[in-house]
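Got a structure for you, written out below as structure tokens; questions coming shortly.
As written, the chains take the letters A, B, C and D, and residue 1 is the first residue of each chain.
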Amino acid sequence: MAVLVDGGTKVIVQGITGHQGQFHARSMREFGTRVVGGVTPGKGGSAVDGIPVFDTVLDAVSSTGANATCIFVPARFAKDAVFEAVSAGLKLIVVITEHIPFLDAMQFTTYAKLNGATVIGPNCPGVSSPGYGKIGIMPSKIFARGDVGVISRSGTLTYEIVNALTESGFGETTCVGIGGDPIIGSNFVEILSLLEADAETKRIVMVGEIGGTAEEEAATFISRHVSKPVYAYIAGRSAPPGKRMGHAGAIINRGKGTAESKIESLEKAGVKVAVLPTDVPGLMKKGR
Amino acid sequence: MKLFEYRAKQLMAEYGIPVPRGAVASRPEEIASIDYPVAVKAQVLAGGRGKAGGIKFADNVAEARSRAAEIIGMTIKGEKTKSVLLEERLDVARELYLSLTIDRGSRSIVLMASGDGGVEIESVPEERILIVSVPLFGYSPFLTKLLKSRMGTDAAVTQQLEDLALKLYKLFISEDCELAEINPLVITRDGRLIAADAKITINDDALFRHAEFSRDADDLTPLEQRAKAEDIAFVQLEGNIGVIANGAGLTMATLDILTINGGRAGVFLDLGGTDDPEKVTAAFNLMKDAKPAVIFLNIFGGITKCDTVALGVKAAVQESSIKIPIVARIRGVNDDLARDILKDIGIEATSDLISAAKKAVAAGGN
Amino acid sequence: MKLFEYRAKQLMAEYGIPVPRGAVASRPEEIASIDYPVAVKAQVLAGGRGKAGGIKFADNVAEARSRAAEIIGMTIKGEKTKSVLLEERLDVARELYLSLTIDRGSRSIVLMASGDGGVEIESVPEERILIVSVPLFGYSPFLTKLLKSRMGTDAAVTQQLEDLALKLYKLFISEDCELAEINPLVITRDGRLIAADAKITINDDALFRHAEFSRDADDLTPLEQRAKAEDIAFVQLEGNIGVIANGAGLTMATLDILTINGGRAGVFLDLGGTDDPEKVTAAFNLMKDAKPAVIFLNIFGGITKCDTVALGVKAAVQESSIKIPIVARIRGVNDDLARDILKDIGIEATSDLISAAKKAVAAGGN
Amino acid sequence: MAVLVDGGTKVIVQGITGHQGQFHARSMREFGTRVVGGVTPGKGGSAVDGIPVFDTVLDAVSSTGANATCIFVPARFAKDAVFEAVSAGLKLIVVITEHIPFLDAMQFTTYAKLNGATVIGPNCPGVSSPGYGKIGIMPSKIFARGDVGVISRSGTLTYEIVNALTESGFGETTCVGIGGDPIIGSNFVEILSLLEADAETKRIVMVGEIGGTAEEEAATFISRHVSKPVYAYIAGRSAPPGKRMGHAGAIINRGKGTAESKIESLEKAGVKVAVLPTDVPGLMKKGR
């Protein structure tokens, strides 16, 4: 099996008639995802590449039985889009949109949590389960079905590492890009617990970066609750304090969030931490 | 976006938070009548300006002007001082600390407070700091009880404290803050509570809701401003290698790899997930003006196709005649096409990250 | 607390919700100039006043006065009409339904809407009603999309609808409503959205935040008002047995037991968890004035001690010379003491609930 | 074992210096409850019957290790009191206070849920686990240790039924009064799932009443997830529509919330529903 996206996943795309929405709806479908509908207000009744478009998420859900959504709407409409998805009963909400205000993200992640919905993102590449499908914008070609679960705060860096894994003969159960913003719907810990419970996942790769204490919390969780081998890479060893390194979340503030602290915590929890991102497959081969 | 002290205090005053009487001046001549002793404070965003000589005192207009003349133009931690804030000197009985910020773990707004103000909060022992989430429905009276208990304030000051905390919370929410900090929060000898210093950071991603702050964007260097306009993440660092990569994580990893191999990045430039060659050209033009010893291009193509990037590089090199040596590592979607395009303009792109990084370090002269 | 239609509309108007032009009158003479056709509407809290003849029409002052004279004083479902609302007659194109209420299951505020307005919402098929929780952070634009989709409104009306829904939500929260209902919500032939009828219920427990509503307490009978002042739950029913018990659940169960045994409760009076004999005395005095055929006292003593209740009963019987027969069932803490006290005043209390209930039914003459 | 209140429960009383708080703190302690502290702002440092009083819940928790609270503060301060308890990390919050505005209850139950805290009430008699302790105002004498779990929306009526059970030779594992208000922190379903999971509880009594659809939802839950025999009594068969029957929650509105609907749903789920409250022990004896 896989986590989050599996054989039962039926996805709608909020913002399907936009450039990104249209492109990735097609790419998701080509990867095997059941993309059952799209939503763009005022365009209900039309279709994009044969995918029916609805005015509201509620209409889309009642017509298609969708249980997940991929959100591409502009930042200032993203909060409302997540509220609408939660309100319509969707339980997996992947928010690709970047540059969403913190207060908006706080509100929609909270509202989703209260209603038992899982939010991935915002500002994330999404979720891919090779063999089942993907929700989001990860490039399809880098994946192969296998037994590695991947969790990452980064996008391209993850592709780099997944690609290296695949080229070294490994493959993935599910790869989850949780997003690089300070306020995200699912943290390492939530996804680690899903991967730990997934029978097919035999080992886990965690791609972290500077900023916040999510990696430290993951380390504590791993030492208590994760039995599978975990490999990690932490980006930002050379980042100076006070500089935001591209991601809104990647900043060393008030002495917190350094790569050193994260690496030390993870190593204490028994995680093998790679010095270079390209070292991950090598570490894993040693572990086999 | 960080606000200057004087702007942060204006904002606090708008919300009814008591701040010292004061006036801002960008030239000494602007300083008019003063009928009370003042502090002349450099308006810079860097911390530690006091130690750097950025705060001086004056008792009259002449003194104030000459102190201002000393401070304006002063460089504090690399930042040039453009103006000073002249502010009444407070008769301080106690200094407290109060701030609101965003907490990632609890996804909530967090109130931090301490009875030990006037020093960096990092230097205060943890057990002397109150850290508590504000309930998502807003400020609630129990927080006042906690403030009182932690700060040891009397009833009269506690009442002012609750009023001030409520207003600071309202400001934080309404203005989409990332940080709103008052340090020190002063109790004067006559029992008034006043925000003696103020730090406010507005959430950049929420600036579309706050047009009034656009004129405050003075904390960006000219290059940073250009990058912002092009929607390119741009970070100025200390070294001599200019890094262009796609994606924040990959860019950081590239920096780390350079560092491990003995190099140092000077500029960090993230294309994000673009598929527009013009953005790549803009990035190269920006990089050219940042004048690194070498440009290291590291692309992992996915959403961003490698050939798109190569076309942008080609345009930049041809149009703007970039003379800085370029080391390129290209991998992913359409990397063959990209390598061919780059070859045309004399750039030999490799696919191996580590060897490319070593080459860049060597070219940078490290 | 239910508000009269005219009061609910005043409140809606305060929040900017469009309501018909109108005036309230409690005597026909109060009706002054009218230069448009009006509806004369009985101001009662009961539903179905239209069918009961509580809504009539008039084209001029003389007609309006005579219609008002017919309606004022009319009894509608047991409620005496004290005033009328004279309101412009609208040129109706469509009637919609819109309300906000509290949902227990989701612990949220729920928006209900339908394109089928002007009839009881219970009679509208469920698939034609939109029922959706308002996110706890407030009204959000997707709700407007759902309203539009369900009601089939055009762009101009949808815009008015969003504005109105936002204002209704603000009213609901700010005034601590339990229900805020507009039925029908009218679209006029010239495309305006107007609240043609309005029902608002304020949460009684929140009235301490809304002193302005105290003068509106006209929906209570004099006995209900007295009970409220004494903090005793008082419900007027149809039968002839007066029930005094402690606790809402026990009181309801007592009613059920009487019903099963062929009796009918006329007044329901819940002492709650008191341990104050004076409250018991007050309850008996209230019951005396409600004039049931028999008083059935059913106490399970816990927090409320049985002897406390007995002392209250004794004081009431002695001071106010209550002549109504009293059947008592007493059980729980200090029930022996209580039985002795009641024996002194000639009341034979039993401990068995069912036999006591049968005795009360018999005494009531059923 | 028992649910909610057991050997590990350490309780503080918010509003301990008031008449009710003081009386019931003592009564709880006499029932065996570990009442470790009380909170009244401005009275920190004093004591009530030897129980230390603190200014804030945070002080009380850090000094005593309390994990539960019983709230007696006046209605207009109740919301703040629950926020304070949640903020201090307490995981069981029993709100005795009645007449709390709905909007306040919505806020504090939501905030508690988000933070993983269980709220019982408001307007409830609390929780009693004979042998371990009680939190709230239930009379101590009616209980005996046994194998019946009791859940009720009512107060006195529950005492009546529990007393009848005890006199018939039954005893209780835990008796939970969930409260008679429309907005309550824990519904039948939440408590049913705790009692179903509790090894010592062998049978369950549910005391419902008219108003809302909590009993209908409980019936659905019982038919799916409860294996133990359930007995019920529903008060309000004779209540007319539109009249609020004492409890703010006990009202038949818009044709919803009738006793008939509740009884029918429960009987369909295999629950034995008593006609008279005093019939419950008899039904249970038949079931044994």
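Here are a few things to note about the model shown:
Rule of thumb we're sticking to: a contact is a pair of C-beta atoms (placed from the backbone, for glycine too) under 8 Å apart; a residue touches a chain by one contact, two chains touch by 3 or more.
As the structure is a prediction and not an experimental result, all values here were calculated from the model.
Look at the CA centroids: the one farthest from the centroid of chain D belongs to B. The interface holding more C-beta pairs in contact, when C-D is weighed against A-D, is C-D.
The distance from the centre of chain B to the centre of chain C, each centre being the mean of the chain's C-alpha atoms, comes to 58 Å.
Between chain C and chain D, the centres computed from C-alpha atoms are 27 Å apart. Per-chain Cα centroids separate chain A from chain D by 40 Å. Separating the CA-averaged centres of chain A and chain C is a span of 51 Å.
Residue positions of chain C touching 2 or more other chains: 136. Across the assembly, chain A contributes residues 110, 114 that each touch 2 or more other chains. Residues 110, 113-114 of chain D are the ones that touch chain A when the two sit in their complex. Touching chain A in their complex are the following residues of chain B: 102, 104-105, 107-109, 121-122, 136, 173, 176, 178, 203-206, 208-209, 233, 235, 237-238, 245-253, 255-260, 265, 268, 270, 273, 300-304, 331-333, 353-354. Within the complex formed with chain C, the chain D residues making contact are 75-76, 99-106, 109-110, 137-139, 141-142, 152-160, 163, 180, 182-183, 187, 207, 209-210, 212-214, 217, 233, 235-240, 243-250, 254-255, 275-278. Those residues of chain A whose C-beta lies close enough to touch chain C in the complex are 41, 55-59, 77, 79-81, 83-84, 86-87, 107, 111, 114. Listing the residues of chain B that touch chain D in their complex gives 132-133, 135-137, 140-142, 145-146, 149.
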